[in-house]
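The structure under discussion appears below in the form of structure tokens.
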Amino acid sequence: MGFLSVVANGLSMGAIYGLIALGLTLIFGIMKIINFAQGALLMLSMMISYWLWAATGLSPYILIIIVAPIMFVVGYLCERVLIKPVLDEQKDVREPVSVLLLTAALAIVLENLALMVFGADYVMAKTSFSDVTIAFGPVMVSAARFYGLMIALVVAGLFYLFLMYSQTGRNLRATGQDRNAASLMGIDITKTYAIAFGIGTALLAVAAVALIPFYYVHPSVGQVFMTKAFIVVVLGGLGSVPGALLGGIIIGLIESIAAQYMTATLTVILVYAVFLLVLFVKPSGIFGSPYEW
Amino acid sequence: MTGININKNSVILAVLVVLLLLLPMAVTKPYYLHVIIICLLWAYLASSWNIIGGFAGQLSLGHGIYTAIGAYITVILFNTFGLSPWLGLFVGGGAAILLSLVIGYPTFGLRGAYYALATVAISEGIVVLLNNTGSIGRFTVGGAEGLIVKMVGNSAVAFQFNSKIPYYYIVLIMVFLIIFVAKWLKESKLGYYLVALREDEDAAAAMGINVRRNKLIAGAISAFFTALGGVFYAMLIRYLEPNAIAGAGMSTQMVFLAIVGGSGTVLGPVIGGILLALISEIIRFYLGGQLMGLHLFIYGMIVLLMIIYQPRGIIELFEKIGQRFSRKHNDEGGRSGAEDPSGA
Amino acid sequence: MKNKGKRFLGLLLTVVMLLTLVVGCGGQKSGTTTKEVKMGTILPLSGSAAPLGKIGQQARDMAIEEINEAGGIKSLDGAKIKMVYADSKGDPAVGVSEAERLITQEEVCLITGCYQSGVAMPSTEVAERYQIPYFVDVPSEDQITERGFKYIFRLAEKTSWRNLAQTEFVTEMSKKYNTPVKTVGLIYENTAWGQGAVRAWEKYLPEAGLKIIMKEPYPTNSSDLTPVVLKAKQLNPDIIMMVSYVSDAALLTKTFAEHQVKPLAFIGTSGGFADPTYYNLAGDASEYFFDISTWEPDVNRPSSKEVNERFKAKYGYGMNAEAVKAYAGMYVIADALERAGSTEPEKIREAFAATDINEGATQMYASQTKFDETGQMINAPLVICQYQKVNGKMERVTVWPEKEARVGSKIVWPYPGVAK
Amino acid sequence: MQKTLLELSDLSIKFGGLTAVNKLNTKINVGEAVGLIGPNGAGKTTAFNLIVGVYQPTAGKVVFDGEDITGLPPHVVCRKGIGRTFQVVKPFGKMTVLQNIMVGAFVNTSKNKEARQIATEIMEKMGLQGKRDHLAQNLTIPERKRLEMAKALATQPKLLLLDEVLAGLNQTEIEEAVQLIKTINREGITILMIEHVLQATMAICSRIVVLDYGKKIAEGSPQEVTSNSEVIKAYLGDEYENADS
């Protein structure tokens, strides 16, 4: 009986990891940079969602409508003010390396800003479904994590449709495939980059809202999910949306199931081992295009 | 270079060296000396990282692995066999070279972003590993509780001194050593090859450069010297805690200092290392106790603004001042970055 | 941004950096006028342990204000205590350089603090080298007072003593409520503190005839602890003992509640479980959990309630055991300074060694405060409390040992709804 | 009488379904200057990349100076004596002109001074000494093209592969470049060049190979090729017929 609950937990946590990785894979897919501030931006979204929940008492899932646009603007501005000048400086360089560092520095700034503004205490949004599990026959899974799974599937689906069928979505994909060709087709690259970073950050707001009912909020919470998101993105294939979701679920399952047979600390090492195996055997990941890597 | 120019530079250099050697006479307060030692150590570590990160342009964000392997092997050998750290550091350095080859071989074939990701994952994996190994056979590793260096009091052989001055001279020599290695490297064939493959791997391969082999060589040199830095850290702090020596803090700090100073140049990381480490110490000295997190916020902002507005690092400003100064002495016209293939 | 503009900004930035440098070197500490006793405290004022650094600082400030108002150190003609706080960031290397700074730059006569064992180990070694007394109030790592150091004194109990007390409590309870206890599950964070506790458990539990059927280390700040909880549910030990900082403690508690894991008892080992923010994080899920510590708000010890009220009035939330150790520690220091009659480190060291306080403010911590030759406070006043709802509000009710238990409190044993 | 330097036999490569180069057979003798022409997408640059080892051929062999170099990686092929330029020039942006050339010179020497000497010689021959200390990223297009050739020459190759070095140059620049290539050829370096500027190819090359859809459709002297109806139809179209040959 217990094993099914383990699988259910792995699935739901994995889907949430996928949701966090969605923004990361979008930003890499389009701008070819790894956003090291992803963790800090997730923490910022969790902070804003928590304090909005504390002030209004609305269910976190309704708050998505407020937090997502805020984070879109934050992401858009980050790209425009901070990343664009550095990208311009390095436009002929194949691998814009110092942009990676810029995002890492941004992460330190955001985390310590949050420490100053929100203080160092751990807080958690206690909603009606926080400590409750849903039972499907013998299988028991925590309600908050299960809702997170639902949100992750819905949002990933919607986002995939948006990417495939909307005009902005097409612009994003075109820029991702060939920046110069796209600009020849009349796509404003600088605007598309800013939109990509904006959407990537807005997706984090959704992940944040899914997390706060069962996970604590603290200035350093971003680091917990950051490296996991990297591993998920590479496993799924850098730049691939379905890859991010599937990669997340795989990592979630490994963590949950493996922990039954070995200590939790060894499962962390197992996850890193899987990551390195993928990196060396098939760096393009499950869905990534082999030429891309 | 005209005659005047050569001996002017060497005069400045000689004066600077003498000043540095006499410094411990002027700075008597052990705490100030300790801060200077820490800054020199960071300058050294940033320069070691620069060999693979700056010259070859391979963004390694997990260099903490090499400081850790150097420190842990040397301390374990010292604690178990009493092998003097002066010998232990070669074993540690050798192990670092081996580790860099094992990590480099598969990842150097990948694109820059992948290499950076791989190094982050590997270093975090090693931190978890170190936290989990209490001991291997009769060697105590200390796990998460950390490893204490056996105290033997004041003895040069055991690299342990009560006063700060010996540490100062050792780290000073290490900084001169790494500057000399960087200078030699940049003028050598390997140096040209590294900068070439940093600029464009395909063009470099078409000109007879074995890209992967040269990256591995640069990686090995960088790992060896970084490991020496780790050994010095262990002897100075006398306590090894996995997260402190192999964690993200150590790895990213080295990279920031080199980039802010001016990666890809010889003196950039040294200047960046000393200046930024000193400033973060001073900010913590004044603001540490007050508002929580303020000093790290300021440190982060400085690095952020430098990357945006001064991408080629502080060294470029020093060069400009140097050129303007030397142009006044009938130098034959502006040399725009002649000798020094700097660059982000 | 035109290129020239960018160059100007780069230049401006570097000038700003150079300026901070100059200010840094030039700024000497201004001389002190009135007679003062200067001492330093190292605490984690940033990073993930920041909240506990903060409470340590607040407890010390309150004690210092009281001592100074009551006339400071009489034997040093009323000198006021002046405390310099240093941020260790929870990093050993920073702890070392801060200790160096306090000793050689601030020229403090003694050091206290540092909350984390990982920072205490190297920073105490620095103090020993400079022969400056280092008063360790909270870190409980056994090794701190087992290295033969002469200048290190520790008020806190050793980690292993807590585990011994936990074992005694379990055996006593199993007899009293005849619920035979055979198996124990250990869940601990993979840090110095956690590994130290496991070593002690592995010694004391078998001695008391209890079999360890689960030893589960987990990485700190885990993203999800459900796998660990489900494993515990599978193995179903009689007792589950845990070592966690507050974030993981809350996560574990909530996940146990979610999956209705019901052993005979849950027992925490202070730390995260004793953190004031723990039960508003974990909520009702923490009901009936046991925790061990050296002080509780309701413990019946002299002046304990009044001091806690003053603290609540001043800072808005109640004290925890760590805050009490910091607070009582200041009075032990004041007493030593009083007897030393000088700020000479050697004299202070001798005064500490001869400490034997049986009355006054330190009573809220321990009836008698005395250090053995290794500088370890001998009789650690350990108590066990249980989270119970007292007229609707969740509180930590001291339940063991009887003589220190809250008047009229009763132990809920075993955990309601346990399958056994 | 002339010794064969490079021989391609049945050289071909398939990308998925597309056969980019289809059984290419040709020989290039020492000292010759051969042109490789054909409409866009005929597989000219792909052929270059096959010779130099950027791609592994799906079939066929490349024999250079009597040695089978099929499938060897680019840096080994270069050290065997084949220098190449890129259709899209690839200078080392943050290095000066002299340093760019020195990178090539290091193929035959490890000493900094010797490399600098070889590089300075080639730099002067290519007329770039005016820009000695300028960063490559600040050069004009013609200067970059000459730097590309200088870098390839610095490796002292036996065979020089030129990939559209004249593209984007104006009339006078083309004439200068043609003279330059002729002197290089006269000094004993065999040339194989892809070029759309037909008047230049005809002036430099003694023999032309024509590719269309990856297959060799003609080979011979410039006159033979221009009068070959296949070539005209596939590549030159009717536009070339009324031009005076």
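Lettered A, B, C and D in written order, each chain numbered from 1.
As a convention for this text, a residue touches a chain if its C-beta (ideal position, glycine included) is under 8 Å from a C-beta of that chain, and two chains touch if they have at least 3 such contacts.
Small disclaimer: the values here were computed from a predicted structure and weren't measured.
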Fill in the blank from the handout: Hopping only between chains that touch, the fewest steps from subunit A to subunit B number 1
Fill in the blank from the handout: With centres defined as the mean of Cα atoms, the chain at greatest distance from subunit C is chain D
Exercise for the section: Go through B-C and B-D and name the pair with more C-beta contacts between its chains. Expected result: B-C
Practice task
Could you please state the distance in Å, as a whole number, between where the Cα atoms of subunit A are centred and where those of subunit C are centred?
Solution key: 36
Exercise for the section: Take the average of all CA coordinates in subunit B, do the same for subunit D, and state the distance between these two points in whole angstrom. Expected result: 43
Handout entry: Centroid spacing, where centroids are CA-atom means, of subunit A and subunit D in whole angstrom
Key = 48
Fill in the blank from the handout: Multi-chain contacts in subunit C, i.e. residues touching at least two other chains, fall at 6, 46, 50, 54, 190, 217, 219
Completion exercise
Residue numbers in subunit A touching two or more further chains are 85, 93, 112, 115, 119-120, 223, 265, 268
Practice task
Check each residue of subunit D and list the ones that touch at least two other chains.
Solution key: 93
Completion exercise
As the complex stands, subunit C meets subunit B at residues 6, 9-11, 13-14, 17, 20-21, 23-24, 27, 45-46, 50, 54, 84-87, 91-94, 96-98, 100-101, 103-105, 117-118, 121-122, 125, 129, 141, 143, 147, 190-192, 194-196, 217, 219
Fill in the blank from the handout: subunit A partner, complex, touching residues on subunit C are 1, 6, 46-48, 50-51, 54, 190, 215-219, 221-228, 230-231, 233-234, 246-247, 250-251, 254-255, 257-260, 277, 281, 283-285
Handout entry: Complex contact set, residues of subunit D against subunit B
Key = 52, 54, 73-75, 78-79, 84, 86, 90-96, 99, 102-104, 106-107, 110, 112, 115, 133-135, 138, 151-152, 154-155
Problem - Residue numbers on subunit B that touch subunit C, as the complex places them - result: 29-32, 34-35, 38, 128, 131-132, 134, 143-146, 148, 151, 162, 233, 237-239, 241, 244, 249, 275-276, 278-279, 281-286, 288-289, 292-293, 295-296, 302, 305-306, 309-310, 314, 316-317
Problem - Complex contact set, residues of subunit A against subunit B - result: 28, 32-34, 82, 85-86, 89-90, 93-95, 97-98, 100-102, 104-109, 111-113, 115-116, 119-120, 219, 223, 227, 230-231, 234, 238, 265-266, 268-269, 272-273, 275-276, 279-280, 283, 293
